[in-house]
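Following this line, the structures themselves.
Each of the two complexes below includes chain A, the first together with chain B, the second together with chain C.
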Partner chain A sequence: MVTTGSQQALDLVTRLFINPGDVVLAESPSYVGALGVFRAYQADVVHVAMDAEGLIPESLRETITTLEAAGKPIKFLYTIPNFHNPAGVTLSWGRRLEILDICRSHGILVLEDNPYGLLYFDQPAPQAMRSVDDEGVIYLGSFSKTLAPGFRVGWALAPHAIREKLILANESATLSPNSFGQFVITEYLDQTDWKGQIDTFRHLYAERRDAMLSALGEYLPKLSWTKPEGGFFVWVTLPDELDSKAMLPRAVKELVAYTPGTAFYSDGQGKQNMRLSFCYPTPESIRTGIARLATVINGEIDLLQTFSGANLTTPIPTRSSVTTPPPNTL
Partner chain B sequence: MTTPLVPESLRTVTVLAGGISHERDVSLRSGRRVADSLTAHGISVELRDPDATLLGHLSETRPDVIWPALHGASGEDGALRGVLEALDIPFVGSRATAARLAWDKPTAKALVARAGIHTPRSVTLSHDAFRELGAVSVLQAIADEHPVPLVVKPARGGSAQGVTVVDDIAGLPRAMVDAYTYCEDVLVEQKIVGTEVAIGVIDTGDGPIALPAVEIVPRSGFYGFEARYNAGETRFFTPARLDDTVAAAAAAAAVAAHTALGLRHLSRVDLIIDAAGTAWFLEVNVLPGLTETSLVPLALEAAGYDLGWLYAELAQKAITDHRA
Partner chain C sequence: MVTTGSQQALDLVTRLFINPGDVVLAESPSYVGALGVFRAYQADVVHVAMDAEGLIPESLRETITTLEAAGKPIKFLYTIPNFHNPAGVTLSWGRRLEILDICRSHGILVLEDNPYGLLYFDQPAPQAMRSVDDEGVIYLGSFSKTLAPGFRVGWALAPHAIREKLILANESATLSPNSFGQFVITEYLDQTDWKGQIDTFRHLYAERRDAMLSALGEYLPKLSWTKPEGGFFVWVTLPDELDSKAMLPRAVKELVAYTPGTAFYSDGQGKQNMRLSFCYPTPESIRTGIARLATVINGEIDLLQTFSGANLTTPIPTRSSVTTPPPNTL
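Right, the complex of A and B next:
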């Protein structure tokens, strides 16, 4: 079924399955736009841990067990297996199979959101989960990242019974997705070497990813970050004492911006993280941006060090007990 | 057509808005509002984002008046105004030197205090002082000498960014860190408990006069960045709920501060009125926000001004002052 971007597919699926209080499992962190949809339908989003290979099956099992014990209805697992937004990581093939098994045995639907899959750098991402399970997976695709987001054209590939319901829901939501955009895209796919165009994008983004990773290594060697094999994003972890959200206006003042990690959690986590996007700026701008970011981060760490260990006493000593010179003589 | 007559000398105005700062959006809204008001008054207005092509453009087009609607550094610290002076084109608002003095909060406080206006007790410290003298001892000295509640703010900067109210002295170190991330000098000021007001001061040729005070009542108790730019976060009372003598004294203090700092045309003075009715000077803005929700337009509307008329008068005054 064609949708108004995969964003609309997220909305339709959530509308169809979620009653207020139902659980949606999502990676930790997860896509901000999806979290917004889940929140709008009052879903209870429960994050499941990830590592460099994506969602961790063991954590998924534990989370499901805990939720089931608490009697919580789990409706679906929302996952971005390829070149994750915002984490940049990719779910390994072995884990895909394991996660499908877990979900199947607990009767949990998988919502596989894959807008970045074709934008790999060195080698293609593993096959879609949908390719081995056409009963338990709704797969979402989009032209937003491979052609242009402005067309607002995406698609959902759903098990038959769900598909019927999605079509009805889509009709009542928008009557029909933008057909002009679909004609243009059809023409584009017929008449141009669109695969070649995607190859051009892949090389462009790979170069930018390289620029970002090498600049991070050079300017911020003490931080840690993910190493994306495709897509747009690097996920950076800051030292504990920093707060990415509080730091953002200071970064903007230095003419560099990022998305604070808190946007990608439904439960207030993410202060220690930031999402950096390398898709738009040139490699030179990326270097400049990371250098500026380093100025902000190092400045903040330096200040925190200056003021650490200052445990001021309360109640304040009375004036007569002041032995230090008054500050205005400093 | 009821387009009002515009003097010969005032045909074209270039409004500068945008710029690269966290106040960019506010500036764009201010600029658009000024531009719309002037256009409705029959003036031909051009809205420009300052960039590398600006100066060439201005010296080519030579508008009758430039209206800088840029908030934050460069717009308010005098840097851009210095350049406009060099271009020798009339502009609305304070000159570079006055703007520079007003932008630096400790300097502005000192000048205003010298003119006999109250301003809360404070101390200003550079980041270097902490490094050299050791943060722990300096902080303890501040704590000993300045009882809470305190307000910690960057010495230069706008929109309350980096500002913290310290009610418990244990929060002072963190507040210093937050302020120093915006500016290498930090002002630690005694917090006066009272009614927060903003008073617009305008001068269209007959000397500076105060607009009705706008009383600010933030929902969270603190008029910070969020409270400033999100609808519903703050309640305003125009005119402020002050009795007449207190209101008159506050208005006089605002005009006196504007004059003491050598400001011209337009400013907004932020004051706190304590329980005894004394007005305490906090800071002044040489380019107050002029968006549809900003304080000065609120006050202008309350006082019955037509914005287009007033903004044209200010532009005209800029021309007169430039000739003088």
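Right, the complex of A and C next:
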């Protein structure tokens, strides 16, 4: 089924499956736009741990056991297996099969969101989960990252019975997807070397990923971050005591911005994280941005060290009183 | 707010305002696509009578009184004031003001859907209700009928606080409306004589309306129908004993089709009605279509008259046994 971007597929699948209080499993962290949809339908989002190889099967199993013991209805697992947004990691092939097994045995549908799959850097990502299980997986694709987001053309591959219901829900939501954009895309695929264009994008983004990773190594060697093999995003972990959201206004003042990690959790986690995107800026801008970010982060760390050594009988100034001391303190 | 056709505006407004069981007031009959949305959100649709001048204010007042006495929460009135789909009638200016007054005094929002307004035949429709009440009315516009439906570009004008919530709901549903279609439409409006194009459409559709009304007068003089002053639709009322839905397969066999009236009610009314559209076929095809329809309708009437004169001790054959008598009766 063609959709108004894969965002609409998220909306329609959620509309179809979720009653208030139903559980959606999602990676920890997960895509902010999907979390917003799940929240809008009053789903209970439960995050499942991931590492450098993606979602951890053992954590998935434990989470399901706990939820089932509590009598919670689990409707689906939402996953971005390739070049994850925001985490930047890719789910290994072995884990894909294991996760499919787990979900199948618990009657849990898999919602496989794959907007970045073709944008790999060195080698293609493993095959789609949908390719080995077309009854248990709804697969979402999109032209937003490989051609242009402004067409709002995505698609959902769903098991027959679900697809029929999605088509009716889509008709109610928008009557039909925009056909003009589809005609343009059909011509584009037919008349141009679109695979060559994607290769151009792959090299462009690989260069930017390299610039970001090397700048992080140079300017912020004490932090940790993921090493994406495709897509747009690096997920950075700050020292425990920092709060990426509280720090954002200072960063913006230094002319660098990021998305605070809390946006990617439904439960308040993520204070120590930030999502950095290397999609749009040039390698030079990326270096400049990371250098500015280092200034901000090192400034925060210095500040915290200063005050952690302060006499505790002296009240610790709030952040705002530090950055803009009121005139009467001078 | 730009929407993916005004269908999406209907979806988002309903999503925003309706809890299961809330009342939506709608004309009797009303647009099938809107009724589908209201039903999807489990609204209780209550139809309000209309006549050749559109929605009847006195009926609206009575309906509200009855519903309020029963403690039913009425969220909004959905209306198509111009060249109504499916009824073909137009709400008079006096009634627009009266209906706005009634809704204002009962705290009922008005959802004014105006896809056909520019497609008038002799004189423009009265001004939009929104033009005299921008706090109590959400107005829906669309390029689907004046340019092309395949762009899926419509818009909603809403009071500020509602608009902000609609924008968030739209972001959750589709991230953003398709910008490519909007760019194309911007160029179209800027570079072409779009008003002249609409004049061309107006004359085209007026000619088709004329063809339909004159063919109805010629071939089906005993029926009654509305006289649209714009738009696409004529609403036909059949004799009491006919059922437009049951008759449809016979009509299709005669190579003519229509939409049965029951599609435009949420409560099973409309058996005696059919919506005829003069938008697409040429005047010649319209004459041919009405002639075929007359054959079907007159055939149904003859059939009913034959059997109403039959000896009642003889069982009346069912429709299917009449059209295809089983071999053993011969």
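Here is the rule we use: the second predicted complex is superposed on the first by the 310 of 330 C-alpha atoms of A that agree within 3 Å, B and C clash if a C-alpha of one lies under 4 Å from a C-alpha of the other, contacts with A are read in each partner's own complex, and residues count from 1 in each chain.
Keep in mind that, in the parts below, a residue touches a chain if its C-beta (ideal position, glycine included) is under 8 Å from a C-beta of that chain, and two chains touch if they have at least 3 such contacts.
Because the structure is predicted, anything quoted here is derived from the model rather than measured.
Of the two partner chains, chain B is the only one that A:306 touches; chain C does not reach it. Contacts of A:252 after superposition on the shared chain: chain B is touched, whereas chain C is not. Using the contact criterion defined above for the overlaid structures, shared-chain residue A:196 touches neither chain B nor chain C, since it reaches no partner.
By the document's definition of touching, neither partner reaches A:71: not chain B, not chain C. Of the two partner chains placed by the overlay, only chain C lies in contact with A:7; chain B stays clear of it. The contact sets of chain A with chain B and with chain C never meet. Of all residues in chain B, only 20-22, 123, 125, 127, 129-131, 133, 135-148, 161, 168-170, 172-174, 176-178, 180-182, 225 touch chain A in the complex they form. The residues of chain C lying in touch with chain A in their complex are 4-5, 7-8, 11, 33, 36-37, 40, 148-152, 169, 171-181, 183-184. Remark: chain A residues 246-247, 249-250, 252-253, 255, 296, 299-300, 303-304, 306-314, 316-317, 319, 321-322, 324-328, 330 touch chain B in the complex.
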